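Sharing a structure with you now.
Here the chain labels run A, B, C and D in written order, and each chain numbers its own residues starting at 1.
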Amino acid sequence: MLKTEELRINIGPQHPSTHGVFRMLVTVDGETLVDLKPVFGYLHRNHEQLGEVNSYLQNMPFTDRLDYFNSMINNHAYARSVEMLAGIEVPERAQYIRVIMDELSRILNHATALGFMLGDMGAWQTALLWGLREREKILDLFEYVSGARMMCNYARFGGVARDIDDYFITETRKLMDGLPHYFDDFEGLLTNSEIMLARARNIGVLPKELALSYSVTGPVLRASGVPYDIRRAEPYAVYDRFDFDIPVGTVGDVYDRFLVRIAEMRQAYRILEQAFQQLPEAGGGHINPKVKQQSLKPPIGEAYARVESPKGELGFYLVSDGTGNAYRYKVRAPSFINLTALADMCKGYKLADAMVILGSIDIVMGEVDR
Amino acid sequence: MVETFQQTFGAPLWLAVVLASGLKVTLILVGGSLGMMFLTWYERRAIAYMQDRRGPNRVGPQGSLQPIAEAIKTMTKEDTTPLEADRVVHFLAPVVMLAATVLTFAIIPWGNLFPSDLSVGVLFFVAIGGLHTLGMLMAGWGSNNKFALLGGMRGVAQMVSYEIPQVMAVIPIVLMTGTMSMQRIVESQSGFGGLGWNVFTPVGFFAFALFFVASLAEGERTPFDIPEADSEIVAGYMTEYTGMKFAVFYLANYMTNLAICFITASIFLGGGNGPGVNELGGFLGGFLSLIYFFIKALFLFFIMVLIRATVPRLRVDQLMGFAWKFLLPLVLVNILSSALWVAIIRWDQQAQIFTQWFGAPGTADAPNFVRLGVAVAVTIMINLGALVMVMGLNNRASQARMHTTDEELALGL
Amino acid sequence: MNYIVVVIFLILSAITLVSGVMVVTVKNIIHSALWLIASFIGVAALYLLMEAEFLAVVQILVYAGAVSILVLFAIMLTRHVTGEGTRMLYERWWVALVVALVLFGAVITPTIWQQGANWDAAATAAQASITATGEGSPAGTAVASTINIGESFMREYLLPFEIASVLLLMALIGAIAIAFEERTGRRRVLTLAEEYALKQRGIVEPRDAEGAVVPSIEAEQAL
Amino acid sequence: MTLANRQGTGAVVPVERNDQRFRAGQGTAAGLSIVFRKFRKALFGKPNSDRSDTEGQFNVQYPEERLSLPEAYRNMPILLFDDATGHELCTSCFQCERVCPPQVIHITQAKDPATGKPVPSAAEFIIEYDTCMSCGYCAEVCPFDAIKMDHDYELSTSNHPELDVNYNRLLRPVSYYETIAPTLWNDVRESAMKKLQNNIKRRPGAIGVDHGQKVGAKAAPAAVARPADPAGAGASAVVPAAKRAPVAAIGKTMSEEKLAKLQSIRADNQAKRGGAGAPVDSAHAVEAAVGVQPDTAQVAAPDAATPGSVAPGATGPVAAVGTSMSEEKRAKLEAIRAAKRAQGGE
């Protein structure tokens, strides 16, 4: 009998469809994938050691570089953990501004993440470029308010760097007029396309219990059927004042993750609408003047604040020894933990599916390697 | 062409034949490569507009010199060959692919002008198209690279399994027109004032759809561009090629697409035939037929680009399943219905009951509408019935595959 | 005019013969397969020269298109089986040469003996008609066109046609049976969800590729 | 019900996969029709300008068309000097140097030549543009609004040492900053100008003024209305490299590296004026040349100011910062501590 020979392929660090510098050592028997070993660390920048050398405020711009798609959300999470450590109160309007920025960032992240996944599936970036157009508009708004498109460095301890003015609000309203139209186009493009279904249904299935045991969070967890969303489970900022639904999948395959992310974009749109309605008047002091930012010396103690980033639960753990910079600074990156589930999820599927499963987990190497 | 050479230059027969065929070959090569260049520009612009951006508009007016810039760029790039690669095979692969593609232009009519009229035109196109696969296998094997080998194997498997539906999809047209030579197929579509295209008959339309889908796979267009699926295996069999050899692959790829558009336009959309072509006649008529022909070909290519911008790629095993379990049965049923179509329309003494029921078969310009109506009804019923049945079967099969029972899992089926 | 035809004929037959010889003498097995394809195409060109277009196209479609790829596939996938690079020619090559010549003689003599009479007649007729009409084929004799071949399949040679198709069908089914039996023999790689479903129902301890029992997640945590 | 305790509601909504639907190509056809509609809109529609458009071309042809930058846009920091008096606003209070995360700002305080006491003005101000991450902290913490974030992003240059931008090339007139960020400047203008006035009182002689340009000699208008010149000289329009005045006595907060640099300038000036320069302050024994002297950048005291043009590589004192920043930082700290101990000791 002819013995078939297994092929070891190196889907290497520089490969068109690994999102960033990430390598997969794949053992393939014919087309089916027998074993997959993820190798990462190529983008390690010593982020946590930097956090201990820099003062609390100096570390804020470095958090932009973690998940470079959502610098607003990273800043928000870091600011929350320092505020929890130092017991700083955040004025109402600042919390609303932070929520608005988070939800805008969630829309742009899901738009591009789905675009990249469909690109891996072979849909030649049409969905991606529509997503990038919306992302450009949102980045212009971030640039208007924070000064930079991707490296916003916008949150401060006890508030935000600059207040939003009427121009920003009218422009965001205009953006939001176009969004539903974009959602319908995006959903109509491929959701029911037969080939997309063939490529996405029952691929990379992660059952509910296994998702919990892999401690996967975010859309991947919700797609497996676990309705866990930090904005609802442990409401922070002013999330407890908005009504929004938690989209949940049933099977937990690539198709469910695709649908959950589209539904989440619509929910983010709903939150934005309500946030703009309830936005308190200016003058509430967006930056808390009482807190001296750069010479902040929080009392000795530790704090862990977590935020629902589009990729999962993003947490910052800080231990302060009373001095100007942190004694221990740890980032709980959702992409890193979701990535550990990749190896087992891809087993048994075809080589082409491994790419799609990687795309459906939506990882950013900046966050994985820190 | 040969006679003109003989009279004008008084050349002996053999010199005239050599000159005539030489002129034709150069015309085809120039036309083909210019067509290829235009196609790359056309595709970039069309897909750009579909994605709300502009596409190349810097080099030359509206980016028209972009393909030339690319050609120069690829020529100046260093042409490397991998170390332990099989140098001869590595070098020959693009040659074989381009040769196969250019040969198919021998029988493609440009409007009403025919390079050479083989009595087996259509079969020749598909046969020579088969050699294209050979080049892919040589490229995959010659570059001594895992990705290339995988890409080559996949490409060949796809090509071989799509060649069969492609050939069989044309059989109904051959049946209806009674010949395989391209010239007569094109001429047979000039009825009804230039609009008697094959695509307007139900059998013809069905054959057009199947042929077009199968040739999408032959030309490696999405959703069948598995061989150079960049997301999985870097660039498939073209991974180890740079510089001029890569340009030759690229040229071969786009010329195949051009050939497919031309062939489909000629066989199904009555290449060159259109309202007012035979009234004008002579040079003007030929020119108008050329314009019609190009419009049809470009329309077909636009559909290819539209599909490429929308639809994701099929996985290899799904692709094979699609060819064998979906296209092939439909093609066979279409052959059956085309046979019925010819029987109902043309048979006279062979089947007396037809003439009793529907009357004598009409001639080309005075068709017997009763027979035509019955033929249309019968063929549509058969084709659509087959389509629905095959789709139902495939849906049920994929549903079943999704819920493999645990016992089967345990046995490791 | 027929000098051209003769010259072309000589060139084509030279190509076919040379590639035929190369098939057996070249060291690398892939190259010999490629030379084989070259000889197939040479034969197809000869058919084309004899105005038998249908035969030429079928030759390319069947041989150069399908059989050669099958041969290449077989060689590539089982590369290690055959010795590579060793020269295939043995010392007693002249024995093989003699046998080849004898066989060639056995094939060529009946055709010369029977058709020999009208050989030169056909040549002169062909020459006469070419000069007259400028057409390749002599006006008188009908050239077997596709229609004739098709009709003869359905009339005189129906039985052999049917037998051949049944034979091919058997070959097809045989191939599928072998492939299917080989595929089921191989242990299917279980995906995560399937493995989990099996453990959940405790049907059977799932084994991984090497057949070793896969420790259940609880067992792992217990370690 | 006040907003504070309004409890948001929301259900858990399973996404519908509609698996049972009979699929015969409708999904693909729907996708194709959407893409064709987009194609038609992009081909014939107007390029979209309004933020709510989701159809039509949206890209900008960069060199010809440019997007207007918002006021808060921050690229690289620049220093401001008052047009009227010519005095720069910076009082070298070192706030920005301390807060800068990548520590790329290096300031040395000016000294009153007569009394040797520190003067609220900067003698030397260097920012390493290549390491700066444009986070905007320096502009935020500066109490005198002396340092602001520029809007010029066309800074690419092939000459790497040029990216250690020194004082002359950092200075911009306040009018320039007013054009790019009018509202931001209006909020802080009164306080900035008031602080500037009492700072000017404490600056003897021409200390706060001579850095980079003479009073009244208007600096080349650094693009009042930013010219959309695509060519864009490599470094932005630069204040003319005026003759550097001999720096006063060597400041106490001098690190070895700075020491060596100022020595080289001093020696160069002497050579220029035939040795009649200010006596070398022998208070600090000058260690052996700290090897900061890369052979490439030759130390040439710039001759007559060539208005507007940038003599690449020849302007200003050598500021090539060869050593990596952290050692240089540590060296500076040791120098300060040593100086304090020495002062305490005398």
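The criterion applied here is as follows: contacts are C-beta pairs under 8 Å (C-beta built on N, C-alpha and C of every residue); 3 or more make two chains touch, one makes a residue touch a chain.
Note that the structure is a prediction, hence the values are computed from the model and not measured.
Following the contact convention of this document, A is the list of chains adjacent to both chain B and chain C.
Ranked by distance of CA centroids from chain B, the top chain is D. When every chain is represented by the mean of its C-alpha atoms, the one lying closest to the mean of all protein C-alpha atoms is A.
No other two chains have as many C-beta pairs in contact as A-D.
Centres computed as Cα averages put chain C at a distance of 74 Å from chain D. Averaged C-alpha coordinates put the centre of chain B at 61 Å from the centre of chain D.
Here the CA centre of chain A is 32 Å from the CA centre of chain D.
Centre to centre, using the average C-alpha position, chain A and chain C are separated by 56 Å. Multi-chain contact residues of chain A, defined as those touching 2 or more other chains: 126, 130, 133, 189-190, 193, 195-196, 201. The multi-chain contact residues of chain D, meaning those touching 2 or more other chains, are 23, 28, 31, 34-35, 38, 58. Contacts with at least two other chains are made by residues 50-53, 309-311 of chain B.
In summary, the structure contains touching chain pairs A-B, A-C, A-D, B-C, B-D. By the touch rule above, chain C contacts chain A in their complex via residues 78, 182, 185-186, 188-194, 196-197, 209, 217. The part of chain D that touches chain B in the complex is made up of residues 22-24, 28, 31-32, 34-36, 38-39, 42-43, 55-59, 61.
Interface of chain B with chain D (complex): residues 46, 49-54, 306-307, 309-311, 387-388, 391-392, 395. Remark: chain A residues 7, 9, 15-17, 31, 118-126, 129-130, 133, 189-190, 193, 195-196, 198-199, 201-202, 350-353, 355 touch chain B in the complex. Interface residues of chain A, counted against chain C in their complex, comprise 1-2, 4, 29, 32-35, 205-207, 209-210, 213, 252, 344-345, 347-349.
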